[in-house]
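Both complexes below contain chain A, partnered by chain B and then by chain C.
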Partner chain A sequence: MNRIAFAISVALAVGVAHAQDKTIKIAGFGAKSGPVRSFGVNSEAALVAAADVINKGGGVKLADGSKAKIAIEFYDDRCNAEEGISVIRRIAGTDALVAVGPTCSNVAEPLFGILQKKVDDASDSGLQFPVFTDVAIKVGLAKISQWAFRNVPNEMTMYNSLFYWLRTQYPGLKTVYGGVEEDFAHSRATWYIVMKDRAAASGFEVVGNTKWLLADTNFATQVREMKKANADIVAISAHPFSACGALKEMARQGVKPKVLVGLTSSSSMETLQGCAKQAEGMIIPTSFAPINKQAVAAAKTTANFKGAADLHSMAAWENVFILKQVMESERISGKPGDVQADRRKIRDGLAKLKTTDGLIGVTKRDAEGEADKPYLFVQAKKGEWKVLHNPL
Partner chain B sequence: MLDFLQAVSDGVLFGATYALIGIGFTLVFGVMHKINMAYAAASVGGAYAGLLVLQVMAGAPPWLVFLGAFLAGGVLGWMVYALCFHFIPLSNPLATLMSTVGMLLLIDEVIVHVTAGMPQNYPAMFDDVMLRAGEFSMRGDLLLVFAVSVLAMIGLLALLYRTSLGLATRAVSQQPVAAQLCGIRLVRVNALTFVVTGLLGGLAGAMIGASVGTLSPLLTTPLTVKGLIVTVIGGLGSIPGAILAGLLVGGFENVLQLYRGVTERDLYVMLLLFAFLTFRPGGLFAAKSGRD
Partner chain C sequence: MDFYFGLAQLIGVHTLLGLSAYIVLLTGQVSLAQAGFFAVGAYAAGMLTVLAGWHLVPALGASALCGGALACAVGFPALRVKGLMLVIATLAFGEGVRLFFFNFDYQIAKGELKVGPVGGEGFRQIRFFPENGWETWEVMLFIWVFVAGAMALLWWFDRSRYGAVLRAVGEDELAAQSVGINLTAVKVSAMTVGGAIAGVGGGLYAHYTTHIEHASFNILLATFAIAYPIVGGLRSVYGTLLAVIFVQGILVEGLRFMGDWRNLLFGALIVLAMNLRPSGILGKGRHA
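Up next is the complex of A and B:
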């Protein structure tokens, strides 16, 4: 009798240990080296922090009723398209069920191109692996593949709302001038496709734009052109380093527009670290600010993992919780032999989503896999981003 | 016409920073007949190290940060020598070239990891001063950069032509074997050359940081390219050539940017380089023997 009891207890113990060992691997990828390393560092911290919260709550419920912990493995793509493609192929060769990334739009666009374009298309040998993007923000990329999904802000909606709001708040303002970082996919697309168009749609006259490159050091000529245009609103579609260079030159030359608008990606600590004084007053639409308890908690937990909370990293946080929900609703098995089947279930689950819960509100999702996230306008004030207006 | 003059003035003033970087490249080449590809990265590294002064002493004046960068540049210069030249056979030109390329990437990545790639605000002097004559204006901080660059060049020339170290350096650059036979310690002179160029590089990095107002690891590659262009156009090994070429390239690219736009600007700078390589391969201060 004692032997039987012992055998049962050993079996149970082994069973419990086995259940505790179950893990679901989520791969993160993005730039962790090079000048945009902060994107990858913050995304990784947010992914690990979110997984930690889920794991402390028991983990992900699998089809057989058992629970599995989430393990995050982060890969560096150096914000380079070739490396990004190589990384996603590597990830697809592991037992990771889904990947969250990349951080750069110039990586996302070609990378989505190697995924299978249409699900179940036998003639398409593209990679069948779900990718759920957190950072790369260039508009309209998810339609490239039915395996690609995004939880990035919709800049078209955000800048449409911002320029409309500016029109109603400052009816005396008539003209807009752009400063564009010409050699970066996101900043370029945001000016030419989004800002310029949305400003005109709100009744502003776009009087021109000036261009510079990501690594430029001398902005004198561009700012002189800007000064000549004497526009009421200056929109800087550039990432923090060159945005700061241009803002400092604007201060030197005494260019003081009535309103300064910035690029979504610049609503981060990088801009304030580089040029808080010159960025004072800059207005940017963003999909994250610590405006409620859960957003504050997410920012704090991410900080514990040495990451900063911003619109990009908090999208990574949200992605982990969305994926948990999808894995549970689609009843993935989590078994080593079912990796491809589970990947497919996750893809199908992501495709079914019409709305998801985000940190500052509900995100709507369209049939192409794009998100329409809630947003608000923040303004640089005394070295901090303060909420200026919540349009929703 | 005013736009043209303004573009030339802005470009030439900023070109002083290219000249400082070019001098570093050309001095090492003049003495050792080697290219130090890590020079611009070490210069930017020195400038970053200068920011440590603000960590230790919050609110420290900009000149103290510049001094910190100057000294850190010297230390980095010595490190580059020790790691990329001292233990590597100098007879193989590719070995030192590749080791310095490796060092460039290493310094770049160290900066990226320490700062997470975040741009760092860099202090400047006279950045609120703008000299105006009607519509024409000149930045006070760039005039300071220009003045510092000119003083640094004068100091370097004085070192080379008025001191025993300078004499030894020139001797090593002309006839290393004969210099050794005269009792000059080759290793010491080479190391000191790197320290001196490093000091200059640290200062150059600080001046670039001050004139841009922000430091970023993004600066290392374009500055390396500009430094090499300036060195070739000025004439390999020629300090006055590097100075003149730096100012020329600065002015030229700014004028081209004005008339042809930022996307074509670098194309024309490269064409200028090819023109020099074809028609005046020895650079502005070419030896009289000509291209062959």
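Up next is the complex of A and C:
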């Protein structure tokens, strides 16, 4: 009798332990090495920090009423398309239910291409795995696949608003000149498709642009061209590494435009660490700033995990909370045998979303899987990003 | 298993790239133009399947022709120079091709969408495999048919008079010329075969990634192309395959869990491998 009681108690104990150990795996991936490694490092920190907050609150509620903890596993794709494809195939081979990433648009574009284009299209053998992008920001990528979703800001709206605001605030300014990091998908697309077009739409005359590459270290010629153009506004569509190089050269050659506009991705600590003095006054539209309690708390928690809070890493933070909400509303089972069914539920849940709660406000979502996030304008002032204007 | 099938696809494509450099290296020439031929093949096959609606097999045939013809055209002037001058000449060609595609726009309307290459934005939606319902293992087998074909061709060359001529030119040009070998014909033919193989590899690469852009065909890819046969050894065609497995399978994928340390180890392990096997993995041993 004692033996039976012992066996039952052991079985119960194992069962309880098993229930407590339920985990839902979310895979993160992005660049954790190379020139843009800071994006991957910050995203991973934000993912782990958000999961930690959720886990401390009990975890994710499953279909059977039990709760599961979120486990984050992060993979480095080195901002390389081939590696990104390998990574997503590797993730799809694990029990991860969804992936958050990648960092680079040149990875997102081929990666979305290997996903099934239309859900339930039996003739399309593409990978059926939900991807919820936090960083890769190049316009219009989510429409490549119905398994791809993004929580990245809409640069078209942001720069439209920024140039319109500049027009009303500084009616005396007439001309715009661009400095473009030409070999990076995001910065290139943002200048040619977004900034240039939106500036003209707001009545500015675009008098030209100069080009450089991500790995360039000498900007003398480009800045000389910029100086010659003598534009009222200079828009630098470049990531922090080369943007700082160009800004330092502008300071050296005495190029002082009346207004300096930056790329969304440059509204980060990297820019201030690299060239705070030269970036002084730069205005950038961003989808994150610590303007309320929850945004401050998210930034602090991420810092505890050795990550910096910016528009990209905080999108990763938001993604985890959105995924928790979707997993609970779609009643995923979290059982090992239901991995593919749960992935499908998450995809369908993400597709249903019309709005989501973000750190600085409500994000609207469209049918293509893109986000229209709230935004504000920040300005570099004495080594900090200060909120300059909140247009919403 | 899909991950391993996908990795095998990538190894297959890179093996073709390495083999394209292997045959040129046999003649003692170091060419950094292979990434250029690879790019031409990638864009040609992508445009034929996406814009013209061709099946992939004839599109790859066209890629081979484009790659081979361009290599032949480049070979005549480029192979008149030797050693470091040739490296610079072929590097310039590769960069020229990359910059051409950087500025190359050719889009047509297909339904509601406009498809085709758009300069720096790249060329997306090269989805022949998924759109035709090919499973990952089927794609892998398809790619490896071409790899096996290219390896068999080079293996046969190695055992033929032509192979002996290639190696003779590679060992000592002057001696080869003194016995009546036409150096230009040998070098240009090797370059042409290499260009055709790179063209096929590029065509498969475009359909593997579904999206190509100029940056995919940079100097790093050209360096990998010649590194594979050098690390693998020029003694046998299998050396290139082993080197690709070593680099892509072990150094890139196998060490992914090491995070930042992977990049450091990557270089260190190649240096170690070259020290232990200075003539390549399948080359002569250190004390041989």
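Please note the rule applied: the second predicted complex is superposed on the first by the 377 of 392 C-alpha atoms of A that agree within 3 Å, B and C clash if a C-alpha of one lies under 4 Å from a C-alpha of the other, contacts with A are read in each partner's own complex, and residues count from 1 in each chain.
By definition in this document, a contact is a pair of C-beta atoms (placed from the backbone, for glycine too) under 8 Å apart; a residue touches a chain by one contact, two chains touch by 3 or more.
Here the structure is a predicted model, which means the values were calculated and not measured.
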Determine, for the superposed arrangement built on chain A, whether chain B and chain C clash or fit. clash
Please indicate which partner A:F241 is in contact with in the superposed arrangement: first for chain B, second for chain C, both, or neither. first
Answer with first, second, both or neither: which of chain B and chain C does A:I114 touch in the superposed model? second
A:G93 contacts which: chain B (first), chain C (second), both, neither? second
Could you say whether A:S33 touches chain B, chain C, both of them, or neither, answering first, second, both or neither? both
Is A:F204 touching the first partner chain B, the second partner chain C, both, or neither of them? neither
Considering only the touch criterion stated at the top, classify A:A276 as touching first (chain B), second (chain C), both, or neither. first
Check the residue A:E182 against both partner chains and state whether it touches chain B (first), chain C (second), both, or neither. both
Looking at A:T221 after the superposition, I want to know if it touches chain B, chain C, both of them or none. Which is it: first, second, both, neither? first
Go through the superposed model and pick first if A:F288 touches only chain B, second if only chain C, both, or neither. neither
Running into chain C, out of the candidates 26-34, 98-106, 206-214 or 224-232 in chain B, is stretch 98-106
Determine where on chain A the residues touched by chain B overlap those touched by chain C, and list them. 33, 37, 182-183
In the complex, chain C touches chain A at residues 1-3, 6-7, 10, 120-122, 124-127, 129-136, 208-211, 213-216, 252-253, 256, 259-260, 262-263
Can you list the residues on chain A that touch chain B in the complex? 33-38, 41, 182-183, 211-218, 220-222, 224, 240-241, 244-245, 248-249, 252-254, 269-270, 273-276, 278
So in the complex, which bits of chain A are touching chain C? 32-33, 37, 75-76, 78, 81-83, 85-87, 89-90, 92-93, 106, 109-110, 113-114, 116-117, 122-127, 144, 182-183, 185, 188-189
Name, in rising order, each residue of chain B that touches chain A in their complex. 3, 6-7, 10-11, 14, 17, 109, 112-113, 116-121, 127-128, 130, 137, 139, 141, 208, 211-214, 216-219, 221-222, 254, 257-258, 261-263
